[in-house]
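Note that chain A is present in both complexes that follow, paired respectively with chain B and with chain C.
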Partner chain A sequence: MTASAVATKPAATNRGMALPSARRLLLWTGLAVLIAWVLVPIYLVALGAFGGRLGVFRWPKSIWPSDLSFAAMSQFLAIEGVFNALVNSLIAAGLTVVFSIALGAPAGYALARYSFRGQNAYRLLVLLTRAFPLAILALPLTVSFIRLGLYDTPFGVSLIHTVLALPFAALVTQSLFMGIPREYEEAAWVFGCTRFQAFVKVILPLALPGLAATAIFAFVISWNEVFAASILTVRERTLTAYLLRILAESPLHYRFAGGFILIIPSVLFIFAVRRYLFAVWGIASK
Partner chain B sequence: MADIVIDRVVKEFGSFRALQEVSLTVNDGEFVALLGPSGCGKTTLLRIIAGLETQTSGRVVIGGQDVSHLSPRKRGLAMVFQNYAVFPHMTVFENVAFGLRMQKAAAADVKRKVERAAALLHIESYLDRYPAKLSGGQRQRVAVARALAVEPAVLLMDEPLSNLDALLRLEMRTELKAVLREAGTTTIYVTHDQTEAMGLADRIAVMYGGKIDQIGSPLEIYATPATRFVGGFIGSPPMNFIKVRCSQGTARIGDAALPCPVTAESLELGLRGEDASLSADGSGLPFDVRVVEPMGSHLLLTGAIDGQLARIVAPPTAEVTAGERVGLTVDPARVTWIDSTTGRALARA
Partner chain C sequence: MPARPSWIPYALIAPSVVFLAALFLVPLVQTIWLSVSAGDGLSLENYRRMAGDLNFALAVKNTFLLTLVVVPLQVVLALGMATMVTKLDKGRDLVLWVLTIPLGISDLAAGLAWLALLQNTGYLNSALYALGLIQGPTGWLSQETPVALFFAIVLAELWRATAIVLVILIAGLQLIPKEFAEAAEIFGAKPWTRFTRITLPLLKPSLQSALILRTVLAFEVFAVVYALGGRNFPVLAGEAYVWQNDNQNYGVAAAYAVLIMAISLAATAVYLRVLRTRPEQLP
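This part shows the complex of A and B:
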């Protein structure tokens, strides 16, 4: 988030010369509000997480951390099961990314490149899977998962998270592949590629930024998901599901520490792939 | 090097017949232009030759081998696309080398051939750049270099110049002709621009409504169009068509008389604007001038012959004013007679 603000700054000031001062003020106010909207809550959570036991309850709150300490954080990480849950969460989210790209991208490619009977119906159906309430499925799913031996495994959780992420993956990659001119592929065929080679050598490199964005969606969906993860696991909980259980009976500064750890991976992940995201949105990042 | 035989190729999209039994033979080393208005099936035909589209029936034979059902990569051809299709994630060098790499050519070989193709198209100086940093004309050169680098038996070009501005197009046209003559590749070139087709091609196939109306050298097609469409499509201004009555081998328009063939009921006189000259004494074909446009190299006169619209090209120094009636002298050997009902030209007397 901060990166995007910095990136747009030079462009904004350049254009600012031409803008009337009132509009410039409006632009900067808007930017400031947007940045505050994202950063202030994160900052407050961080303050709670690192401010120690007393800092959480002090009032009025100081803007600056008075007694910075990693005590809460390290104690929190030392709680039994937290580290294990973190690993489970990463495994589940990672598998969700892999599955939803591996299954969603071919579907998106087919939707973009071929016309077949029932194409529109299929597109709608893909979306409709999201309209089906998970709560109804909870019990039968649990039973089937126990039967299949998938119950209480990160792999099992990732399957359900893939179901949640797949519609987005298929539809986002569809528009992604639509945006890559067919001629690139045809040129590759003419110059000696099989269909698969053409995809790997020409389409895939061009689609990579969009695929990264799709991966982010899948990752975040899985990372944030609580309901299915809580139902389908007992001991091998993902971090969200585990925190939901233990934090209810923890002191406040532990809860902040837990919240902060939940935020970090998403922020880091988005930061890592932001270049590709900007490419998708048509903003040059060079 | 190879010849191409297109044998009764039909293409249907649903109930729409895009190509109706098209046959065409392109000789080894020949440059043939497929010329026609948009939607006439010329690009479809080219894509069928390339293997990017499958014909409903008929055969395509390249160099004696029936390639009708082979995938594009097995047909031994190269193609230049309308929007160039230069891969944006590869440098110019890698783009030009793409076909050679797919053939698994040795590195030294690749380098040598890429450099030769680059030299031919004057793109040596930006081989390590990415296409995003190139202008349209430069990208076009890269696309042609990529096609020539593989030394294809057959080169297919789909309106390669249509995205360039007018000046650049003229320049590239001249250069393309020189480059392709040197390479001696059998080439099929799709265009809707008659000047491109006339300037580049050894032979032109004029397509209309999914059929080839006429195949011939540029001069043949210009001077002796086989159909009303070809006459009207080629030439600027297009050929004039004047409905006349033919009785006993003579057509009378005003006080002029032209010998005409009597085989058809209703006839049209096809007359090129520059094949009529202003007569000194006002005799000949009566022409009512409505608009005079000085074009520099000539005067473009728009008016009517026998009440029917006609455009005549006159020398730039001719003294003609709008509203005047002038006489035109016409050489009977240079007119085309067209049967109004079939739209086809009648055999010359």
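This part shows the complex of A and C:
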């Protein structure tokens, strides 16, 4: 599927000079293939999730839905540990959002509004995190977390997830605050606001949509992370850690149900932040 | 920007500096320390055990092979997608939304989605059966079919992680002034020439960051592989996980981690050098 999509592209542009309508047709054919390429696996895992035990072993399979039911999904959610894992995932992701905004946004504001010594060193520290496989850093944290009582808690997991999300939050909020003119803030100072009041009353409302997008990214980063979450938990597993642990022994339809639950928030979130996606990655990739 | 130095910016960055120091720099040093300490003193014992492990050579080979196949394909595919999307005017946002959905999908979930397609009684086999190519349910993801398993993992990785390259490249394409291509067109440059002589060179900074990001992530590939093939296809991060969780040997796990970090850093250094952009080359 992918190979054909790539191969048609140069042909499309060449022939397009002579035949604009044929070129449009090729373009849309290629895009239709790509859209199917993205959506079909999601659709099929959804069929698997709602098809239950029988659906998994039906042979040969039809791509059309037949006897789907929520029973399969509710059975999965009723398994001991699944619901708990879901809650743990939500707690860890929620805490990651709070930490990465609370730590990242002030740093982003400082980078946007002030020039100070050590600015470049700070930027380097943030960018350096990208050259390291961060999840791997969870290995030694096992020992320290056991000592601190953070091992096997969603709070501990959220700390390492914040390391993943924080650099991202700092860089995104930096550009966010740079987009809000300084003069607004200065005007508020003239009218007698303190720096803090000016920030809360003038800047924050303007920055809110961008901050929300940053928060959603942090949530998704934590929700999806597998390696560190699996290493730092035993009983209080997050959903990804739980699914990874049961991979070998659980029946296929449970795995698909788990995969489907993991995918759903991602799809909705990407929809919610689609306006910010390119702005965010344009900056974050500098 | 205020001219006189102030304590405010330092107060603002301090919490994040402390946090990153505690949870990034300290674990980084600890991992290295853990990997070179055995018993009382310094030794390379952990590395010897790592290299002596049955799965080690296979894990190195698999991880490199996967990265070398997946990352270039992703860049080509994302360039193709980006070129197609930028030609659109109607429906552009909707198409982009669909194409970027995998960006938010966990590698574990991606592996499970492709498992639904590729398992023994899955949809691929059903399609092959309908075409008369196979007699009945066939396994593709076992130890007996390493090549098929490899391609399954490549497909899942392409599906999941091409979106991030696409987003970075589109963000980069938006920075290139339209006038350059228009000028080239007036001078008679064909679309392919315009692409290779104008778009690609100006896209170099974006390509560089996309490649760094993807390569670092590709070397820690783990959950996709586990979801599809279990331990049938050893990779470096998977071995680190097994040594840490199943064998409870933190030293060898740390040695694997250091190896992954060293490879990632080396790859980053290569990209920074090969794809460096002089300031005057920026659009």
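As a working rule, the second predicted complex is superposed on the first by the 215 of 286 C-alpha atoms of A that agree within 3 Å, B and C clash if a C-alpha of one lies under 4 Å from a C-alpha of the other, contacts with A are read in each partner's own complex, and residues count from 1 in each chain.
Convention: contacts are C-beta pairs under 8 Å (C-beta built on N, C-alpha and C of every residue); 3 or more make two chains touch, one makes a residue touch a chain.
Predicted model only: the values in this text are computed from it and were never measured.
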First, second, both or neither for A:132, with chain B first and chain C second: second
Partner chain(s) touched by A:267 [first = chain B, second = chain C, both, neither]: second
Contacts of A:189 with chain B and chain C, given as first, second, both or neither: first
Partner chain(s) touched by A:158 [first = chain B, second = chain C, both, neither]: neither
First (chain B), second (chain C), both or neither touched by A:110: second
First (chain B), second (chain C), both or neither touched by A:206: first
Partner chain(s) touched by A:233 [first = chain B, second = chain C, both, neither]: neither
Contacts of A:214 with chain B and chain C, given as first, second, both or neither: neither
Of chain C and chain B, partner touching more chain A residues: C
Footprint overlap on chain A, comparing chain B with chain C: none
Residues of chain A touching chain B in the complex: 181, 183-184, 186-194, 197, 202, 205-206
Touch list for chain C against partner chain A, complex: 1-2, 5-6, 8-10, 12-13, 15-17, 19-20, 23-24, 27-28, 30-31, 33-34, 73, 76-77, 80-81, 83-85, 87-88, 93, 95-117, 119, 121-123, 125-126, 129-130, 136-137, 158-159, 164, 167-168, 170-172, 174-175, 190-192, 205-206, 209-210, 212-213, 216-217, 219-220, 222-223, 226-227, 230, 237, 240-241, 244-245, 250, 253-254, 257, 260-261, 264-265, 268
Residues of chain A that touch chain C when the two form their complex: 2, 5-6, 9-10, 13-14, 16-17, 27, 30-31, 34-35, 37-42, 44-45, 47-48, 56-63, 99, 102-104, 106-107, 109-111, 113-119, 122, 125-126, 129-144, 159-160, 162-163, 166-167, 170, 195, 220, 223-227, 230-231, 240, 243-244, 247-248, 252, 255-256, 258-260, 262-263, 265-267, 269-271, 274, 277-279, 281-282, 285-286
Partner chain A, residues of chain B touching it in the complex: 50-52, 71-73, 77-79, 81-83, 85, 87-89, 98-99, 102-103, 146, 150
